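Naming follows writing order (A, B, C and D), and every chain is counted from residue 1.
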Amino acid sequence: MLQTLWDSRVNCIAVILFAVGFATLLLHRNLFKKILGLNIMDTASCLLLTSLGYIEGRTAPIIVDGVTDVQRYGNPLPAGLVLTGIVVSVSVTAVMLALTVRLYERYHTLDLDEIYMLARQEEGEK
Amino acid sequence: MSFIANLPLFCIVASLVCSVISSVLNGKLARWLSMALSLAVAVCSLLVLGMVWQNGEPLTYLMGHFPHPWGNEIRLGILESFFSFVFAAVMFLCMQGAKIALTQDLEAGKRQFYFVMTDLIQAALLVLAYTNDIFTGYVFIEICTLASCGILMIRQTGRAILASVRYMIFSLIGSGLFLLGVTILYGITGHLLLPSLHEAAAELWHTGDYRIPLTSSICLITVGLAIKSGLFPFHYWMPDTYGCATPCSSAILSGLVSKGYIFFLLKVIFSGFGTEVFYGSGVQNVLFVFGICGMIFGSIGAIQENDIFRMLANSSAAQIGYVYLGIGISPEAGVIGALFHILTHAVTKPVLFLSASRLSDTAGGSKRFKDLQGSGYAFPLAGFAFSLGALSMIGIPMTMGFMSKYLLAVAGLEATFKAVPTLLALALSTILNTFYFARTIIRLYTPGTPLSSAAPWRAQASFGLSAICFSLLNLGAGISASPLIALLRHGLEFFGKVG
Amino acid sequence: MDAIELMLLGLLLVCGIATCLSRNLLVSLVIFMAYSVVMSIVWVLLQAPDLAITEAAVGAGVSSVLLFLTLKKIRDIRKKVQDEKK
Amino acid sequence: MKKSEFRKWLKSWDAGEFDFTEALSDRASLPQPDGGSKDHPWKLEPINRLEQGEIKSFRKSYPFFAVVLCCIMIGFLLLTVEHLPTFGAPDAPAHNEVMERYVEKGMEETGAVNVVAGVILDYRAFDTLGESHVLYTAATAVFILLLSLKGGGEPERERKIMQSDPLLKSTARIIVPLVIVYGIYVIFNGHLGPGGGFSGGAVIGGGLILYAIAFGFEPLDKILNLKVYRMIVLCALCFYSLAKCYSFFCGANHLETIFSPGKAGMIFSAGLILPLNIAVGIVVACTMYGFYSIFQRGRI
């Protein structure tokens, strides 16, 4: 088993990073850290996707000298998907950051538990 | 190929283009554009439905020059076109009914952005209904998430922003898991288009290769979409979110967006994995258990609330539980029950949210039950619409809610081991539903002193039109449900077929 | 090649975990930028130059600038509040 | 800078980790930003003591939960990875007839030398149509949150940016043109080599941001204000959607398009790919700069 894992070590690193990012996104109470965790999670799944498209000893899928031999190039599809994934990740990050700024303006803290308590307190006073 | 087959493509592109154009219009024009768009999409979907029904078989429409497994394509089937019709029609009625509330709640210079977001949601729902490609689904799920977040936070109170942060976090966890699932699935099958995936997954299942990755990718995709639609352990964002958003957003989110995700999940199950693989993997049992938990805990949460919007939100969590219960029971009868319940909820929940907002307006904007006392008299139409919706959620005969519970119960009886838990859960949750909805209705019609008098005539008219439409739909489909069930059954046969 | 790959993968893992564990926000942001750069180099090794360019421009560039701006904005707000308190 | 000073400086960036009780009691004297609840200063109600206790006990158990969850996830995913096809194996299921067709016929069918560009802008163009609208959605959401309608902004701060470091200014004077030219090259070369609309647009956006950091917003405001930004995005995205709609329509109805793949390897070849790349590049560049500007000062 360890041998198999060692052979596909890029995949292993990718899933470990995914789990780290996932745990940070779900459990860290600081909003900024959550956003970093989210980014790590997204890039990790992108890394897994890229490594699934990699073929040992072949070059990037850019046709050189008109040679269209399959044996020479890697898989182009995962790269295309990952490009989309990166765009999605940066868009989501921007929105989350904008939300963070607004929340900080309002409650002066980044701690989600604390913000939640403050919001409840505020509502109770109304 | 008849010209009608091109309509879904035109609808999708028109929604995207309208969303872009709306950003330079003013608020009023943008609203007209958005409503016209929804209406046009609804009409087009009906035409497509008619065409597919006549043809008698689903049609694949190439998005580009290349068929599957190479290029994107969309699939026009009965369920696809019918649900996109329902989504568009409900969207139209939501915006029609919440006309006044929207004008009040939106900041003057940013009003058009709201309609940019609704147009994008419209586009995303259309694509989720029609697409035949799992990765396209992912992209439009993200559009849907961001746009839903946009319509949530447009009110910009501290509470609304906090709620949208929580919504975003749960949604992003969901889409992260979904993307990982798609990645693993691609790694073991090499396909992304549902028809090719179907063949590859069936083959892998029979040979037994890659059993663990296949199962885990099914788990990840299902769990990701379940989180996004708010299944039980992940429903905590719901009360907050629906409680403080503008009512139109709550209606769209609970009635349409979460249903769009569930519909896409069903699509992936039926035309992607295939029912044999999905129901062989055992994931449906997990959905079944969490569905039951959702039904019961959602209702208990609703009983504890003393804010009408939060109560409705908790009730939404319970209704999502019903849908997943149906999916968990069996691929035929259970899923028909689930689909019918999606329709029920899409027709009922928006009108509950809208009429609750009208009622709370007559009580001076307060959402507490004790302030709402007697508001049913101040705005009789809203009181009537709310009561009818509530009765439908309880499951009184002659309403859609009754039919969906009946279908779920019948489906449960057919399944050997799941019969007793299904019936018990249905009974218990009906009792709980009755408790909190009856309490609310009694509160509404207890004589009291509402703060302000009846709403202006225009507000009544725009709300009244949509409330009457929703109520008629609800009663009509409840009284003569058999054509609708026949349509769903016929559509479901189509669903698994490779076109 | 193998040694470089191992080194980069190790660095990636260390950076990823350190981003999530470090206590100071600025520090974790800087580590995150390093993580993005390493990731783009890994993608060059995996024969995906398109992704490498994009990740370098987006992950290490624009994304990090936005994250950094957020921190700056937060610091400004805090300073303003503290001044008003005095 | 002394070590302790550096520590202090670093600490000033940290907004997350401070003592909970202290922060709450601090807040009692803070003025409220929206003025709405001025009559109700923040205070610790006795009821909230209980919640506070709950949160504190959760905080103690938090690292434990995080580690356990992380380990479960890692175990589950490593088990999956162990059964996935080995890394780099040429006979993995992902390398099937789909990939063969892309590589063998891609250049002929789409006219793009860079197969990835051919895949995302021709074979799977519908995804990419969605992708560009994801960015647009995000930009609109950021507008909703941070766009200040009063205009104005903070002139004092902007002037401070104007007096930025001379070193930065002279470096930027050299680097910015290079960055922008490189971005344009990446966009125009998208179908011939690595790159494309998105990456090139992000590079140009980065260049614009660098320019704004060094020389302030004023010079850029004349060229790229909110009105211009909206028109650019409107035109580019509408062009994108309509062009793709036309191409999908022709494809599905088996009609000939007016865009031919052309001679592979030339700049003006590959049919729609180059114009689409340019449209995406413009949108992305403007949006990235727009994000920066709106985060920095609340307007474009």
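The rule we apply is simple: a residue touches a chain if its C-beta (ideal position, glycine included) is under 8 Å from a C-beta of that chain, and two chains touch if they have at least 3 such contacts.
On a predicted model such as this, the values are computed, not experimentally measured, just so you know.
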| item | value |
| --- | --- |
| Contact-richer chain pair (by C-beta pairs counted) among A-C and A-D | A-D |
| Distance from subunit D to subunit C - Cα centre to Cα centre, in angstrom | 14 |
| Subunit B and subunit C: spacing of chain centres that average the CA atoms, whole Å | 37 |
| Touching two or more other chains - residues of subunit D | 15-17, 30, 77, 80, 84-85, 92, 94-95, 98-99, 102, 114, 116, 124, 127, 130-131, 134, 137-138, 141, 145, 193-194, 196, 198, 291, 295 |
| Subunit B: positions in contact with at least two other chains | 135, 139, 142, 146, 149, 153, 156, 161, 180, 184, 186-187 |
| Interface hub residues of subunit A, defined as touching at least two other chains | 9-10, 16, 18, 20-24, 26, 28, 30, 32-33, 51-54, 58, 60, 62, 77-79, 81, 83-84, 86-88, 90-92, 94-95, 97, 99-102, 104-106, 108, 110, 122 |
| Touching pairs among all chains present in the structure | A-B, A-C, A-D, B-D, C-D |
| Interface residues, subunit A side, partner subunit D - complex | 1, 4-5, 7-12, 15-16, 18-20, 22-24, 26-30, 32-33, 51-56, 58, 60-63, 66, 68-70, 73, 75-81, 83-84, 86-88, 90-92, 94-95, 97-99, 101-102, 104-106, 108-111, 113-114, 117-118, 121-122, 124-126 |
| Complex contact set, residues of subunit A against subunit C | 9-10, 13, 16-17, 20-21, 23-24, 28, 30, 32-33, 35-37, 39-40, 43-44, 46-47, 50-51, 53-54, 58-60, 62, 74, 78-79, 82-83, 86-87, 89-90, 93-94, 97, 100-101, 104-105, 108, 110 |
| Contacting residues of subunit C [partner subunit D, same complex] | 23-27, 49-50, 52-54, 57-58, 61-62, 65-66, 69-71, 73-75, 78, 81, 84-85 |
| Of subunit C, residues touching subunit A in the complex | 9, 12-13, 16-17, 19-20, 25, 28-29, 32, 35-36, 39, 42-43, 46-51, 54-55, 58-59, 62-63, 66-67, 69-71, 73-74, 77-78, 81 |
| Residues of subunit D that touch subunit C when the two form their complex | 10-17, 29-31, 114, 116-117, 186, 193-196, 198-199, 202-203, 205-206, 209, 288, 291-292, 295-296 |
